[in-house]
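Letters A, B, C and D mark the chains as written, and numbering starts fresh at 1 in each.
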Amino acid sequence: MLSLTLTGLNLKNPLMLAAGIMGTTGDSLKRIALAGAGAVVTKSIGTESRGGHSNPSMVEVDCGYLNAMGLPNPSYKDFQYEIDRASEGGVPVIASIFGGCSLDFSEIAKSLDADAFELNVSCPHAHGYGAEIGTDPALVEDITHAVKTAVNVPVWVKLTPNVTDIKSIGLAAQHGGADAVVAINTVRGMAIDIESSYPILGNKFGGLSGRAIKPVTVKCVYDLYEVLDIPVIGVGGISDWKDAVEVIMAGAKAVQIGSAVGNNINIFNDISSCMEAFLQEKEWSLDDIYGMAHEV
Amino acid sequence: MRPVNAVITKIVDETPAIRTFFFDTTFELIPGQFVMVWIRGVDEIPMALSYENAITVQKVGHATSALFELEACDSVGIRGPFGNGFGIEKGHILLVAGGVGAAPLAPLAEKADESGIKVTTLLGAKTKDELLFRGRFGAAGDVRVATDDGSEGIHGFVTQLIEEPDRYSQIYCCGPEIMMKKVLDKVAPPKAQFSLHRYIKCGIGICGACCIDGLRVCRDGPVFSGEILKKSEFGVYRRNECGERARV
Amino acid sequence: MLSLTLTGLNLKNPLMLAAGIMGTTGDSLKRIALAGAGAVVTKSIGTESRGGHSNPSMVEVDCGYLNAMGLPNPSYKDFQYEIDRASEGGVPVIASIFGGCSLDFSEIAKSLDADAFELNVSCPHAHGYGAEIGTDPALVEDITHAVKTAVNVPVWVKLTPNVTDIKSIGLAAQHGGADAVVAINTVRGMAIDIESSYPILGNKFGGLSGRAIKPVTVKCVYDLYEVLDIPVIGVGGISDWKDAVEVIMAGAKAVQIGSAVGNNINIFNDISSCMEAFLQEKEWSLDDIYGMAHEV
Amino acid sequence: MRPVNAVITKIVDETPAIRTFFFDTTFELIPGQFVMVWIRGVDEIPMALSYENAITVQKVGHATSALFELEACDSVGIRGPFGNGFGIEKGHILLVAGGVGAAPLAPLAEKADESGIKVTTLLGAKTKDELLFRGRFGAAGDVRVATDDGSEGIHGFVTQLIEEPDRYSQIYCCGPEIMMKKVLDKVAPPKAQFSLHRYIKCGIGICGACCIDGLRVCRDGPVFSGEILKKSEFGVYRRNECGERARV
């Protein structure tokens, strides 16, 4: 009862693994697929291999996490093997990709065989990549268009919340031909160690994820749903089934789960069974609750 | 958790390239668990707890070198303990330690001995001077030694010391992956536990950098049963900090 | 040992009450002053009395609060009485004011007698006010300039984090003549009741405050400190002395406390005594830790 | 906390303009505490708990009217209980209730009676039909009645029923502010507790909308000792939802 079609992909449930979590190896993606996810998204893959920022690259803060991994990845040249391995999990595998310009993006997309692409134009802490691009509607449209032209599978665009107006960026993605937008990447943040006054992250600042940002996710999804014709995929702070339902009611056709996977690898199964029970009790379908907060 | 400020109270030279750093902070520890040690301004690296309030570090690169610059009263940031640690089995156990791999095994030897478990340790190093925690293992049971240069014990690899592995109720192993792979090939996998080494970033099971066949070294490990490792990339591939696979 | 001079005001400690918390009545401001705050900021005051948005106007969420009060206030015409009452607390009273244009702002500022003014160009949920203005550097500069011309006391400008680049807004305030900036107002957010699919707040969305947003505060303060010559006052998620120290290390000359006052009216005394003990132990002065994270 | 979904299980007409709504949800309650009742799409308003699972509402405006439209099986969102509640004193206590002010006093009467405290209630209303919880107060002790129109009890205000207030160990009062002010003038302030009414927004002590002389009705109250109120704006000024002061 949780199955759906999302940009042409058939998902057994609307719960996906978010990019950058357990997403560097094919086997870890497969593990999450077998643990009940409706689809899995890979770590963001670039044109060259990168080691990322120096450690500490992630730290727990009140009600969430800060990370500045710095997009470590083995580059697309090494990554088809992982995608193929991941596919053994039996659910769609979405390749998250990033680059410095539309050429980078289309080069990578052309070279990889995946069920869909998610364009990371929103990572808040890799210089010259990600959110520095994702705050400019023209660039977002351009990149989306380039990838759409290069591939025949669905293209999703992942948005940053660190903008004055996320709707304009969502609209740019839609104009560029995106099949869906994904909201949100992490929220700009920073933590300082008061014993030493050092910023804790090796990169000094990073992106906030986890429970702390869920209200931001709900608002972004709600706003995007109001202006876009393409589906919105919600991500950010979803930690239990209630959060998933809330984000879907805000207007997400499906959701992704990142940080919360760390403490509960089985979260996809847990959420889907609780969501089913909730829908059953309320006599609602998944489609009924989709965007429901806009109807009251 | 944020990093806890741990002040170095004492530094002990264990071997020419290995030092133990004692802290003013005590951790509740299962032997085999590790902490993330933040050398501020430099890097944050995983280190097994070799005592409930200490790590034992081999100088191998920039972060460990920076650690070696520190003195008593200096401090580091510590997150953890993380990971599962060794599962302690009754009976007569065998520890197989290569180099600084003795660090997590020493507290295991002591804890097992205290609980009346018989402990035999096979201790290997390049040379006599580099044998780590020989005294601690000796106090907890029998020790047999191998050195690469024959300066003490048998001349050869510690793996050559393994005899009749089935006699032991459980075998615990930590050292270079190649050595551990040899141990795995010699013993009954379900009866052996290995403490693995992979590149650790988050340390808390989220980023996936440390995965080996989908298992997170930082969270599902670092200790894995031989049974699980038998059919894995263990001993075949490792991954660097980019996630690239490379032959071990 | 915690005293300081901030834009010419002498404060016994760097801990102030944030705008909109216990700030509608002179007596509540006085209570907070007597409970140890170094200064108090009033509720934002406008040109006409307003009842604000309909309830629910505030709700607790994971690790923080969402509010959409909608700037209820009795208007400046009724407010001098409250400021005078508040002044009996013996610490500077800063009048927070808001309006739809620079004329509104200067009309109010001219009519009120306060130790300083804080311009609220950053409230995320009052249509036509606050953040709709505060996302436009030209307007921020204009308003700041107008108030600076109208009054002889220090003028602070309170910034919203809901922008692509808070530094450009801070610089606009500085160009307009601001004596300090205050960062941050609440982070756009929303919560939906899954039992009914109703957005919980009467205004549907609101602003996130409390622990959840502290990493955002630290980052904004850190960034503003790097580009501005005028002091930055930090606010957002400060709940204990460690948070206060962290935000000061990030570059705040002083801090304000909002949400955390609810559960602990005595928080100003608590924080100042713990901060003193910490500084003593470290043999640091308040001035030493100010911006210390930039020195490592 | 977010609002809890409370389903209405039963609605009781108490008087022509007052209804009790029972919920499927039970709250751990100190008599005098209140909840914020969210009538979705309409408003959220403060209501005393009149039972551990019920509120008793007088229809006065748009939100209470919307509540009156609801039926069993409908639901509201509830945050709380909030506030301090009455402090219960041993001995012989006097309750003074005006109109719907009887709502928080009825559970107090019952709880006091259960603990062996002697309870006398002075109950006032406009007219006989509007006397609230007469039966509950009667079951817990003596009741004396006043009505504005003399349809039952004495003809006049409930405050006129107060005799020898010093006989009582504590006096508890809830009703219109003018009436409470009269009670305060008649009794020894330190021995009297009053449940106040101010415009409530956040309900959790943050926004300050409900302040009376710097005290938060939602958090420091709604119950205050007469001693505190004696030198306050109580009975003199109230504030509207804008924060404007107005004569009571």
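We take it that a contact is a pair of C-beta atoms (placed from the backbone, for glycine too) under 8 Å apart; a residue touches a chain by one contact, two chains touch by 3 or more.
Owing to the predicted nature of the structure, the values given are computational and were not obtained by experimental measurement.
Colleague: Common contacts of subunit A and subunit D?
Modeller: C
Colleague: Suppose each chain is reduced to the average of its Cα coordinates; what separation in Å results between subunit A and subunit B?
Modeller: One centre to the other, that is 36 Å.
Colleague: Quick check: how many Å separate the C-alpha centres of subunit A and subunit C?
Modeller: That pair's centroid distance is 33 Å.
Colleague: Once you find the CA centre of subunit B and the CA centre of subunit C, what distance in Å lies between them?
Modeller: The answer is 50 Å.
Colleague: Mark out which residues of subunit A touch at least two other chains, giving numbers and ranges.
Modeller: 61, 191, 196, 198, 296
Colleague: What are the residue numbers in subunit D that touch two or more other chains?
Modeller: Expected reply: 40-41.
Colleague: So how do the chains connect up here, line, ring, star, complete, or something else (other)?
Modeller: Graph shape, chains as nodes and touching pairs as edges: a line.
Colleague: With touch defined as at the top, which chains are paired up in contact here?
Modeller: Result of the pairwise touch check is A-B, A-C, C-D.
Colleague: Which part of subunit C faces subunit A closely enough to touch in the complex?
Modeller: So the residues of subunit C touching subunit A come out as 61-64, 66, 135, 162-164, 187-192, 194, 196-199, 204-205, 208, 211-216, 218-219, 222, 237, 242, 245-246, 249-250, 278, 289, 292-293, 295-296.
Colleague: Going by the contact rule at the top, pick out the subunit C residues touching subunit D in the complex.
Modeller: 20-25, 27-31, 43, 49-52, 54-61, 65, 67, 69, 72-75, 78, 191, 193, 195-196, 198, 200, 202, 258-259, 261-263
Colleague: Under the touch definition given earlier, write down the residues of subunit D that touch subunit C in their complex.
Modeller: 1-3, 5, 36, 38, 40-45, 75, 77, 79, 201-209, 211-216, 219, 239-245
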